[in-house]
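Below, each structure is written out as structure tokens.
The same chain A turns up in both complexes below, where it pairs with chain B and then with chain C.
For the complex of A and B:
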């Protein structure tokens, strides 16, 4: 046993001058680093990064029936601009997103209620509200189709007790978008709530105490303490809600069967993208729609980050 | 004091109303699954089944190969999750702890995947899978989902939050990068790994678009896409459909019931959703 604190094992061929050892260790470390990111890097390159570049390229091509593609320049994009279905889908996606965004203030109210110190059963409520978040959208859609049924659905049966005859919510073009967004809010509520609750917990209690000493009541405390302190979390939740809302596909696909009279009033951009790319075998046009969606999401996200300076409080 | 108590009462009332709106549909689903068809479309409805009839739970297996799809879904979810835990944690360790050329570049490049909508990948992914002859196979369902920029980012943040002294001590003891990863950081990262595992499991289980695209055969698709075929059929047998929806959701609900603390906190801290 030697008394010096030497490494028990030494990499092969190391001959021990201090500087040399360090640089050798650095090259082994560099090798390990590259080796350890290699599986991920390979997978992401093959299945994500390269496909992303291909999609941009595909947007400039048209596809024949046998998978042969030809360069068509801006044709797809010109077609897109003139396509009433694309504009309708864009309007529908924006409308859906706007409606589900209303779920954010709703979740904030519930988060504040749950944040009260004296309240019991906080964990139970949180768990219950979270249930739809983990439920499979396919199952959720089947359930709500049944609840929305015009003749015997639970929604209309409940309305009938107060003398209101409701429509076939999910298949009436006038109400389908609201019906869809209501399910979207129902599914996303628990998620927004949990994040907002976590945000509320970071608000220092002393701020409320100080406000109370200054004579601020509950409402005043909410407006002057809670809202500014929680605004970064609200901002985050809104950004995520908008990004997810613009990518809505599942509920439309599941609740609006082909030929449904309400489909034109609810078809979202991603649903149209799916139809064009995989049902009507027009991947060039589908790729152009995907690029359009990317641009819209990017634009709205940048816009939100610009606007947040006006309302988000940074302590 | 009285006003404060009444405020609390109002709070409970609002929270309870919310709970009814959220949980009520599930209760209705469960009750309907035990009704007969005429009972399920009765006006006005009866809360409890007139006669308790569980035949929907067997009938649904005649409409869709639910058992087979259950196995497919479980294999897909498990395969993706195990692979992500290994692949993402290796890369996350390297990004958090090792110095190597191109570290920042690669990290930034991988983050690009996180920042663009998934629709930008799907068409070429489908073509790759088709060219490999993987359509209607487990490989198509699993392989592209094995690599996750999100999982890597999340674990990197987790590793970066652990004190560096730990692995520096190990390094002085002569541990190489692999041993520091395996023996020092991974055992300390159970909460992070569990959060990633649960989230990946959940998203995979519920994923709809990808199974729809790469499978056409009901025998080789997942529960999510299988259930979708039940929707919109004319003259829907509601008790049967509700039974199917409940069966497909049950495993996730059970996992949620057991791990709800980790799931909710995992989501609250990472702010992530599929």
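For the complex of A and C:
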């Protein structure tokens, strides 16, 4: 389950190999090509494909504590269907993903602002926005835990100056998911911003000039030129954001201790998977949960590729 | 974002593989090397001394200490044990002993030994189906830590051995300030330092004595939980949300709560912290229907797959002896289990009444454990948190927990 997506533009005009001498050269070339990608391919096969296949297999087994597994057929999946915790975790994961997806339009607006040539210190802003991406998640989680602290947190201290008594943001079941998603948006913001800015730079300037001549203002230019022209980039960013969102683990693990009243409201599928597999010594059931998540991510991604035909502009 | 998890797993695998080189050749003629797996780097220097003393007495046997941090220790050990390459001697705890013993991973220590030198609760903890599998190394018990300054300011008498639950409740009420700046007690949601003790004090139990059924549906067990939830409900403790945001230990250290049920392991920390060094002290746990305190401790065990079982057993006996206990006690980080060697630990922080931790062994009971303890113990916190916040009653939480626990125990067989 890596975060790979299909390339958005495929080289066109690649025709079938013609016969004769060229085909021989092509075969040699192909051999060399295979040899070149072998290290990566082997790595993928050993560390991704093989474990994936094994996960599918182990989903149908029960594990003894010291590695011996026995075939139990559909037991894990039947248990999964009846397990309220699994569905709660899936709802939490979807809610989290939906919330972090709201960060995409926000990143788009900021990307356009940072793309303005008139803006001074663009490089500084870009660096600042990108910093959270390269910061260790554990440091990020710790920092935000302090900010969200109900008694001493900076957020509530700021609210107190305007006479509002804030809740314990990260440990109140009513606010915790929003608190978590805010950190998620903050962490992923810089990455989305960089990709979207790269997309903006591919939009031909003439289009804006033409639009300006037609009398379009800044907002109209944004809606009618920018948005359709970089919709393929927005699509890419959305796909990655959804996949990353559904794989959410570290922030929950770090910010929601086992006794947190907010844990049931924020426990994600991957956190539940971790708990079952590695804490409660039930890797067979954990594998079944992982397969469920795989199916959900696969389904949503296919759905997005179907739906994109309606809104993604292809020049 | 899933990166951390995969790193965790990869890390465990890599260390497990790296550990494979450890114990190999079974050459009885030449010098033998025994590997010793531990998780606490703070205790390593003292144990190096113990190892040196052992090698001096047994010149043919060398000891190699392998320290793995707590976070990876069990994952790595399980992988190594599965592959038959666990260290010859390693640390065991109460949650895992039955898992390892019942799967034949540990060498039974069947020779005649004087086990009366160790606390009985600990000997019982490391006995599975009548056979001893580990010799106790150290132990801990729980005490009622209190802030003398806050007690003086509120004019409340310090806790002592005569205290009962009612004394805790009334003192907590008097110590709590209306403006929320001081709470009488931190009703921390914690099994070892909290509700396991009060459950036993109320006459209940977590795990039935035969280890097959949950005790959470027993009325007495529920009383032991209600002791804590009432303290929160009556406003004499911070709420569960406050205690999630800020650790109760930190609240106690900063003088925001006056009483705190905490383990003997806090002696070192409170002794080092200038804000607690001279302002806090400790008393025995107050009695409910009876006096009771949970005790837990680490034991040294021998791997059943060890290539040098004889030498490894010799080393475990040495670790379990008085000489080793004296060295460990002097280092001061844990209380040695061997009877009569604890004075050095007590003397390390003479201003605290640390002797109560050792005296309470008389009313101690062992840490509950089954073959797959984490399967049900891991469910305690999230379920009970709902009773702590008042979302459900203690009865409802206990009923949920009993059902979960019984099905987990059923899956063990």
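As a convention for this text, the second predicted complex is superposed on the first by the 266 of 315 C-alpha atoms of A that agree within 3 Å, B and C clash if a C-alpha of one lies under 4 Å from a C-alpha of the other, contacts with A are read in each partner's own complex, and residues count from 1 in each chain.
Following the convention adopted for this analysis, a contact is a pair of C-beta atoms (placed from the backbone, for glycine too) under 8 Å apart; a residue touches a chain by one contact, two chains touch by 3 or more.
Predicted model, so just to flag it, every value in this text is computed and none were measured.
Legend: residue contacts after superposition of the two complexes on their common chain; A:148 is shown touching chain C, with no touch to chain B.
A simple residue count on chain A separates chain B from chain C, and the partner touching more is B.
Contacts of A:70 after superposition on the shared chain: neither chain B nor chain C is touched. In the superposition on chain A, A:278 contacts both chain B and chain C. Looking at the shared chain after the overlay, A:168 reaches chain C, while chain B stays out of its contact range. Contact with both chain B and chain C is seen for A:244 once the two complexes are overlaid on the shared chain.
By the touch criterion defined above, A:137 reaches both chain B and chain C. Touch criterion met: A:270 reaches chain B and chain C at once.
In the superposition on chain A, A:23 makes contact with neither chain B nor chain C. Contact with both chain B and chain C is seen for A:257 once the two complexes are overlaid on the shared chain. Residue overlap on chain A between its contacts with chain B in one complex and with chain C in the other: 137-138, 145, 151-152, 244, 247, 249-250, 253, 257-258, 260, 270, 274, 278. Those residues of chain C whose C-beta lies close enough to touch chain A in the complex are 1-5, 75, 78, 81-82, 99, 103, 105, 189-190, 240-246, 371-372, 374-375, 378, 381-382, 384-386, 388-389, 391, 408.
By the touch criterion given at the top, residues 1, 64-67, 137-138, 145, 148-153, 167-168, 170-172, 184, 187, 244, 247-251, 253, 257-264, 270, 274-275, 278-282 of chain A touch chain C in their complex. For chain A in complex with chain B, the residues that touch the partner chain are 5, 7-10, 26, 28-34, 36-37, 39-41, 43-44, 46-52, 54-56, 58, 109-110, 113-114, 116, 118-119, 121, 125-139, 141-147, 151-152, 154, 157, 160, 186, 189-191, 194-195, 197-198, 218, 236, 240, 243-244, 246-247, 249-250, 253-255, 257-258, 260, 270, 273-274, 277-278, 283, 286-287, 289-291, 293-294, 297.
Within the complex formed with chain A, the chain B residues making contact are 7-8, 11-12, 14-15, 18-19, 21-23, 25-26, 28-29, 32, 40-45, 86-88, 90-91, 93-95, 98-103, 106, 109-110, 112-113, 116-128, 143-144, 146-147, 149, 152, 172-174, 176-178, 181, 202, 205-206, 208-209, 212-213, 223-225, 227-228, 230-232, 236, 238, 241-242, 244-246, 248-249, 252-253, 256, 260, 263-264, 267-269, 271, 273.
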